[in-house]
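What follows is a single structure, written as structure tokens, with notes after it.
The chains carry the letters A, B, C and D, assigned in the order they are written, with residues numbered from 1 in each.
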Amino acid sequence: MIIVMKPGASQLAINHVVERIESMNLKSHVIVGTERTVIAAIGDERGKVKEELETADGVDRVLPILAPYKMASRELRERTIVRARDFECGNSKIGVIAGPCSVEGEEQILAIARGVKAAGATALRGGAWKPRTSPYSFQGLKQEGLKMLAAARDATGLAVVTEVMAPEHVPVVAEYADVLQIGARNMQNYLLLQACGETRKPVLLKRGPAATMEEFLLAAEYILDRGNQQVMLCERGIRTFEEHTRFTLPLATVPFLHEKTHLPIVVDPSHGTGKAALVSTMSRAAVAAGADGLILEVHPSPENAWSDGYQTITIEAFGKLMAECRRVAEAIDRTI
Amino acid sequence: MIIVMKPGASQLAINHVVERIESMNLKSHVIVGTERTVIAAIGDERGKVKEELETADGVDRVLPILAPYKMASRELRERTIVRARDFECGNSKIGVIAGPCSVEGEEQILAIARGVKAAGATALRGGAWKPRTSPYSFQGLKQEGLKMLAAARDATGLAVVTEVMAPEHVPVVAEYADVLQIGARNMQNYLLLQACGETRKPVLLKRGPAATMEEFLLAAEYILDRGNQQVMLCERGIRTFEEHTRFTLPLATVPFLHEKTHLPIVVDPSHGTGKAALVSTMSRAAVAAGADGLILEVHPSPENAWSDGYQTITIEAFGKLMAECRRVAEAIDRTI
Amino acid sequence: MIIVMKPGASQLAINHVVERIESMNLKSHVIVGTERTVIAAIGDERGKVKEELETADGVDRVLPILAPYKMASRELRERTIVRARDFECGNSKIGVIAGPCSVEGEEQILAIARGVKAAGATALRGGAWKPRTSPYSFQGLKQEGLKMLAAARDATGLAVVTEVMAPEHVPVVAEYADVLQIGARNMQNYLLLQACGETRKPVLLKRGPAATMEEFLLAAEYILDRGNQQVMLCERGIRTFEEHTRFTLPLATVPFLHEKTHLPIVVDPSHGTGKAALVSTMSRAAVAAGADGLILEVHPSPENAWSDGYQTITIEAFGKLMAECRRVAEAIDRTI
Amino acid sequence: MIIVMKPGASQLAINHVVERIESMNLKSHVIVGTERTVIAAIGDERGKVKEELETADGVDRVLPILAPYKMASRELRERTIVRARDFECGNSKIGVIAGPCSVEGEEQILAIARGVKAAGATALRGGAWKPRTSPYSFQGLKQEGLKMLAAARDATGLAVVTEVMAPEHVPVVAEYADVLQIGARNMQNYLLLQACGETRKPVLLKRGPAATMEEFLLAAEYILDRGNQQVMLCERGIRTFEEHTRFTLPLATVPFLHEKTHLPIVVDPSHGTGKAALVSTMSRAAVAAGADGLILEVHPSPENAWSDGYQTITIEAFGKLMAECRRVAEAIDRTI
């Protein structure tokens, strides 16, 4: 940690910072520059140390040197491979999760499961509890939806990925699902992160639309810290000034996170664009960017979907998308 | 709702949209322009109607006409005044909530309560459960903290405002607190919104740092919809490209929301700037912008605060801030 | 254009809007809804019409129906192919522009030109006038730099792409360069756009870091409107809250613009990420997203480059990048 | 400057960085931490030094310590007061610039000048060259407009503030205007900044909608560096995800810049909100935030204005706004 003093900070202020640093069991090192004095604090700086020094008299700002997360850091570990039934994510095979935004009925989910499996998906998505912006929108079939997902899994062998919205729902969702999804709106719902961390189910953690990489990795850290190592990070688009797409999908997230963490990275081109017409091209681009997985909204008739139709593709379009992505995957020596 | 067809959309596609509109119990009205056909759908368009039409063949886009929220709308009601003990918000007197980021101990909270009350605050803030970005940061004194807040209230008469982080905590927090605060990270935690909506305690709902005005008002709608009318909206800064402040504090939120909703608007200059040196000036600006309340982080020694010290002001600075805000309030015919 | 009246707008206000619409030679069409009246204005709505109606009494907002640009619109034309010597952009072959941020000397530019040509580039970039954030940074070799670029072209046959910063420089830059580049900071320098529009040199127009798609296409419209049809649009990253990359590179721009315009789309992964380590992966992703061209910063020794070294790759890395992109291009039936 | 090495950087890499630092006439200081080595470089770090070190082998990142601007820095000077006729900006009196978006004719500008002067403005704004997003919008009366502005000045004594769009227009604009305005789109048009820096006319420099504080101050530095010290900085709103206002107006810019620079700060609530209904409230808030000046769009009939009508207020509303701002100014011991 580097503490930058204000121009003209007094010797008293400098001494005070040095004392604070040493009281935190860090070593201090004062460097007197031509215009400013800076003080280096050496040792494990994680925790609340930074904030304490920032408010000390004469301090201009504090620059952290170490990443605030540990367990998510790539330095510590081999790449993590997440597995759920035949679904794999993090090795050379790209895992594909496909299905409707919402579970609408047993026949619907079964038909979709069969369709996406035939095209090469290894996991089935489908919302049972739906976090909706408006209280007047469809809120999901809840436990009935979970049962339908489980039936579709039994029929097809696809791993079931579904969202869990609250800590108290974790047990019931974990009973039916193979992968617990934490939605973008809940990326910093720390009690939920901890509850998922207590299970041994794989977790798909979606990036909040305004979350930085540090916040995203610290959210993962909450799960890892409870002993659950099966975490996938999902880029689903961020909120920017752009208005021609629902969100802005920043694919540089993929190679950047591959440098920083051992966890696999999944991309969601459906939410990331919010436009069915862009999903296929952006899926190819995500594969080329090195994504370890894709999650896609697929429905036999998007016009009749109970939610998210505008960003949902047909089963037919999904088949075509998979064929295209397969070629791109091969071009970078991976499979899908 | 206005449905804009693509250039060259077929008569078949137009007819199909008309049928869909009418099957939703709306009236349709086809307008053939020089380059495009547009179709007006007349009636109550709220719900999932928009999404359904957006995906229909030949449709370019759908433009909603009505606001998606109802109960929060100003059209429906007189201005809401929120009351908790002597704290009032929404009338000519500006309500001031002040206190530490975290409750750290009984003496600490009592000393602060006395200090801020003497300077004119009518409510006391203080976190018992703390949502923290890092799992390695202090997470709050939890129920012990609630008891300390209640003791400080008993000693001073200040209303207690404290954050509730999960639906299952609502009963215990409601037992001790006068106002339930929903944090920015939980603005779209719908189960929590509903749980707070089931109580009859006033709610302080913070804007998510990437939430639009519509999303913010729809979050309030979740609470109102459960029968709790005592809702305050709190602007606490948004995430933008700016890096010299922790968040960007968009004060135009205040007059804009005053046009759209009957709910009172509180401003949080502490989180909104993230810098103690800017808090006082931005409090004055918030009052001039018409804020109905202020919420401020105050601590006897920010350097020793267990959290958020960099944006916390001293009790002395708070006294000075109140004196300055009082003059600005008078200049716009209000009191504080 | 759809004019949405405020709730309770008077008949007088409605009549006034109708009169204004008709005085603009548009047809009006009044639709009385359950909560609001909306008025459709039919005809060519481009120009200042929208603003005039927006301020009329009783008007809530005005929703445009037609895109504000005409000549850039895909509806009007076949895809444009831009050509300069062997460089082509807009057909199945992806055009690659490579070279240093700044021209530093005759030998430097010649060595780079030979290196990038050997790896498959068909155009050479290099700044002679450099727009720099700080007045204390290197500002370019100016006309001397142009001569060095021309010499490198003569030696290699590569087309020369270089930035023009002001209308009065257009003649001299056009004398030496094959393609005029308009930088991101100048995307809305309308006098410069017009001056480039008066030439018959191809133009590479970079997107401003806060420009919407409409603003970008309207900037192109300024050039097209003066009779120059050889325009390439370049996505080079936008400014968002993200801080781990210098800009956020939104690749969905590529398929989105392909839907809207006949102009070819170039991607700049060097500026788009600001990190050399991410350039190669994002180049592959750009190709997979359908980019018609790439522009890349290449230097024999990025550490010794006079500008932008942190986002510049070596000639060797460029060779490897081209080999990787070639495979991805083939996977989508294109060449590079 | 602090150079943070990657974990496990070799001694060779560390030595290389030390050599580079010393070759730049800076002193180096190596600090070996528990997980990382950091190297302090002591001395005047401005210029291209940072970029060079960032690309050296083994370097993770470079943290600058000193601000990159010098002449704009508050440390160096007393507060600057800008003066043009009776207009003053930077002392206890708040300078008010008011007038139409575009000069439309001699009578129009004269009537407005008289109206705003009567209400207390000391300067007149009005565009002669108009940078417009669309080539199909009104582009200004150009030199004729300048003459009309000068005539209005002669009749009223108001200082004339008008935009200059290109370096070659500087002489003619400087002939008629009292203050040269550099528009937001041209904030980084460095040749224009330098040309204005060569004059001795006061300059009103608008913040680009995606510019950071450093970029803004460095743009001012381009003007100051040429010897023109009469520079005002104008906050006119930034581009964010917010869509209910045209831009987001971040008033914390005012106290923040007051800490960093001696230059006066003007706020533009017209562009900053893009909505006439919000202009008056945000003007009051700007005054409370400590703005040294206001610039406002005023027109006798906004509905008939040739540009920007939706954010323009009437002369009557301007009079009311001034009365309100006067009271707020007094509450913070200033006048207007």
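Here are a few things to note about the model shown:
As a convention for this text, contacts are C-beta pairs under 8 Å (C-beta built on N, C-alpha and C of every residue); 3 or more make two chains touch, one makes a residue touch a chain.
Since this is a predicted model, take the numbers as computed values, not measurements.
Looking at the partners of subunit A and subunit D together, the chains they share are B, C. Among the remaining chains, A is positioned farthest from subunit D, on the basis of C-alpha centroids. Spacing of subunit C relative to subunit D, judged by their CA centroids, is 26 angstrom. Separating the centre of subunit B from that of subunit C, both taken as means of CA atoms, is a distance of 39 Å.
Centre-to-centre separation between subunit B and subunit D, using Cα means, comes to 31 Å. For subunit A, the set of residues touching two or more other chains reads 210, 239-241, 243. Contact residues on subunit A toward subunit D in their complex (touch as defined above): 2, 4, 7, 29, 31-36, 38, 40, 42-44, 63, 65-66, 75, 239-241, 243. For subunit A in complex with subunit C, the residues that touch the partner chain are 210, 212-213, 238, 240-245, 248-252, 254-256, 259, 272-273, 275, 277-278, 281-282, 284-290, 324, 327-328, 330-332. The part of subunit B that touches subunit A in the complex is made up of residues 46-48, 51-52, 54-57, 68-69, 131-138, 165-168, 185-186, 188-192, 208-210, 214-215, 218, 221-222, 225, 239, 276, 302-310, 312.
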